[in-house]
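Would you mind keeping the following structure in view while I ask a few things?
By written order: A, B and C. Residues from 1 in each chain.
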């Protein structure tokens, strides 16, 4: 078990470094000069040159990366090109927002998908299975930003139950916070659940046709016991692998959803970075989201290892 | 056709009586496919009955029908099954559950696939006790330890906590047997329990089954395609082909004077090294 | 060979047919847009702005008086173009990389696939957005960016499928008789890995439409006045109260396209799956 954790952690760190290189290289070739964006379209070539020299943008990429890496590892995320404010504090302020959004959305997705998936599998080939699968297919085709818009139109504009945007920290005013987060989380979570329902269903169907399920029946176990005690754990293993990927996808989609609901999260910071050609801001926020995704994958990987005894112990006495 | 049958009790009921059983598979297009056709099998108390046939002859389906755990598309299309005086063929699912694992136990093919990979052996082996005798899990585990001991698995206290993939093939098979024995069933259905095993391990498993019959008086339905084992272990033999019983009789007579061409063909196909002294135990 | 309509296994292909019908309709709209659309998508008519659906404008007008129906039909062109080209880019390059990795093995395999895995660990939208920032916002760049996002997925699939094929004998025999690498790939390998790649392609189409719409929605894709369902949804955001149809219609169009391709993908998967018991 210790070895499992160690190897996974090592892989995590390596991937993180590699990802930072990829992002750095991709973003540093930002055309439409960062200087013009910060200084304005009429900036003189000299002003641009000075701007770039000040920020070390004229040096070879490798050097730039090295410097960026050292600074970042010591907690310095750079200074925004746009307004010369340190990126770090802003980033840190925004992390909880995105985390809350992604976590709520993920929770909703699983709370919907797991029971419905199990139900559909248990009623395989019957009407309720076909209806559930059909509904999941439809739901899965809905763009989450469209669903967000529709939800706003119904619940904010029409019924006036929920605010159309904005963010209040949870500990400041839990009710308001939840009112503001419920629609964003639903737009992400419901569409995600569509895929997850089908994965859970497929996984459960596969497991239910296994020989060891037949053994359980042969011992006289009733359907509910078979599912709860034998099938569930085995079907969750492949499910969780897909759920991890979905969670990653949620973080990515946060970019769009945070924009719609004006949530001050890391996702909307990415957009700010792009619009303003603000290299440090974009790099830091994009990397942060990537870190979240990698962490989630790591956690799920370890969790699956815990669920599946074949991974922990060796085989054959 | 009345050959003397030592285990049959005059005026008594067989442990298992299958009469004219037919099983059909639903098809999406066309009429159902009959895979077992008017099969009749009797098993008397303490008798070890061999059901021989090639793959696809319907032997496994017949055993699943007895437990009423046929696959989804399959169903009993006719005939009767009785356990003693208890009809099984039309028994409610709830009542069947009470019998499964308790009075009839299945030892399925392929022990590795038939064990839950994420559940400890002790829990699985003791589960019949949890289900039928209402034992608490830790009590059932203790009973499982004793069961593992009974099937000659060494260091049972350690093994009880392990997972199936940590057991060797022979141990897995013996664990399945232990699972079947948990509640002292009247009838044990053993479906090809030795197919994947080395010959030496095979011998141990067969010895174990014989012990079970001798010590507990259980009846055993032994399904196999291996004629050598049948010769060694069984009292009475049914030969199946394409879903039908082709002939049946005492093991000795079947092997020395088969009446059916098919039986003769099976015997001829068996490598001669298997021709051991045909002494029914 | 006598193939009558009745002999055709409609049931087995039902999802593909349904999805295919939807996509075919949308494709037809895209191709014949100039003939089908009642107005030009660029015709401003400020007097008629933000009108709800009526006889003159079946789906209403937007904030500049342009006919929504016409814009929606023309926007299909962009979505379909981006979908096909992006999926094509992903398919071609991904397959090349995957096949090369499996075929040459060793260091090539290690380096290529590690890099693919790395790209794969970025969430698709994030990667697309960052690439767009790098390349600059235009429809062409959207195609390239989305195509790049697809490459790792296709490469993984192509590699796995090629591994299966490589274990078969006929590649060994081909090499033994001196067939060149290139010929082996095209004649022996590619035809046999086509099936799973096609299924993935259908999924890629639907995902491409989603990604393109998301990018345009964020202002990073098709730029006004070019109509794209994504940027139409974006402008609709500003008029949700007065003109809800501006938000409903483009979204519904995206939904239908995605649904159509998803159905085709699901249907193909069912048809090609050897495990299907029916």
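To be clear about the criterion, a contact is a pair of C-beta atoms (placed from the backbone, for glycine too) under 8 Å apart; a residue touches a chain by one contact, two chains touch by 3 or more.
This one's a predicted model, so the numbers in the text were calculated from it and none came from an experiment.
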{"item": "Between chain A and chain C, the fewest steps along chains that touch one another", "value": "1"}
{"item": "Longest centre-to-centre distance from chain A, chain (CA-based)", "value": "B"}
{"item": "Mean-CA-position distance for chain C and chain A (Å)", "value": "22"}
{"item": "Chain centre separation in whole Å, for chain C relative to chain B (CA means)", "value": "54"}
{"item": "Gap in Å, rounded to a whole number, between the CA centres of chain B and chain A", "value": "52"}
{"item": "Contacts with two or more other chains, residues of chain C listed in rising order", "value": "none"}
{"item": "Footprint of chain A on chain B - complex, ascending", "value": "67, 69, 72, 97-102, 105-106, 108-110, 113-119, 124, 127-128, 131-132, 159, 162-163, 165-168, 171, 176, 179"}
{"item": "Residue numbers on chain A that touch chain C, as the complex places them", "value": "15, 18-19, 22-23, 26-27, 29-32, 137-138, 140-143, 145-146, 149-150, 152-153, 157, 248-249, 251-253, 255-256, 259-260, 270-271, 273-275, 277, 282, 286, 289-290, 293-294, 297"}
{"item": "Touch list for chain A against partner chain B, complex", "value": "125, 210-212, 214-222, 225, 229-230, 233-234, 237, 307-310, 313-317"}
{"item": "Residues of chain C touching chain A in the complex", "value": "118-119, 121-127, 129-136, 206, 210, 213-214, 217-220, 233, 236-237, 240-241, 244, 247-248, 251-252, 254-256, 258-259, 262-263, 266"}
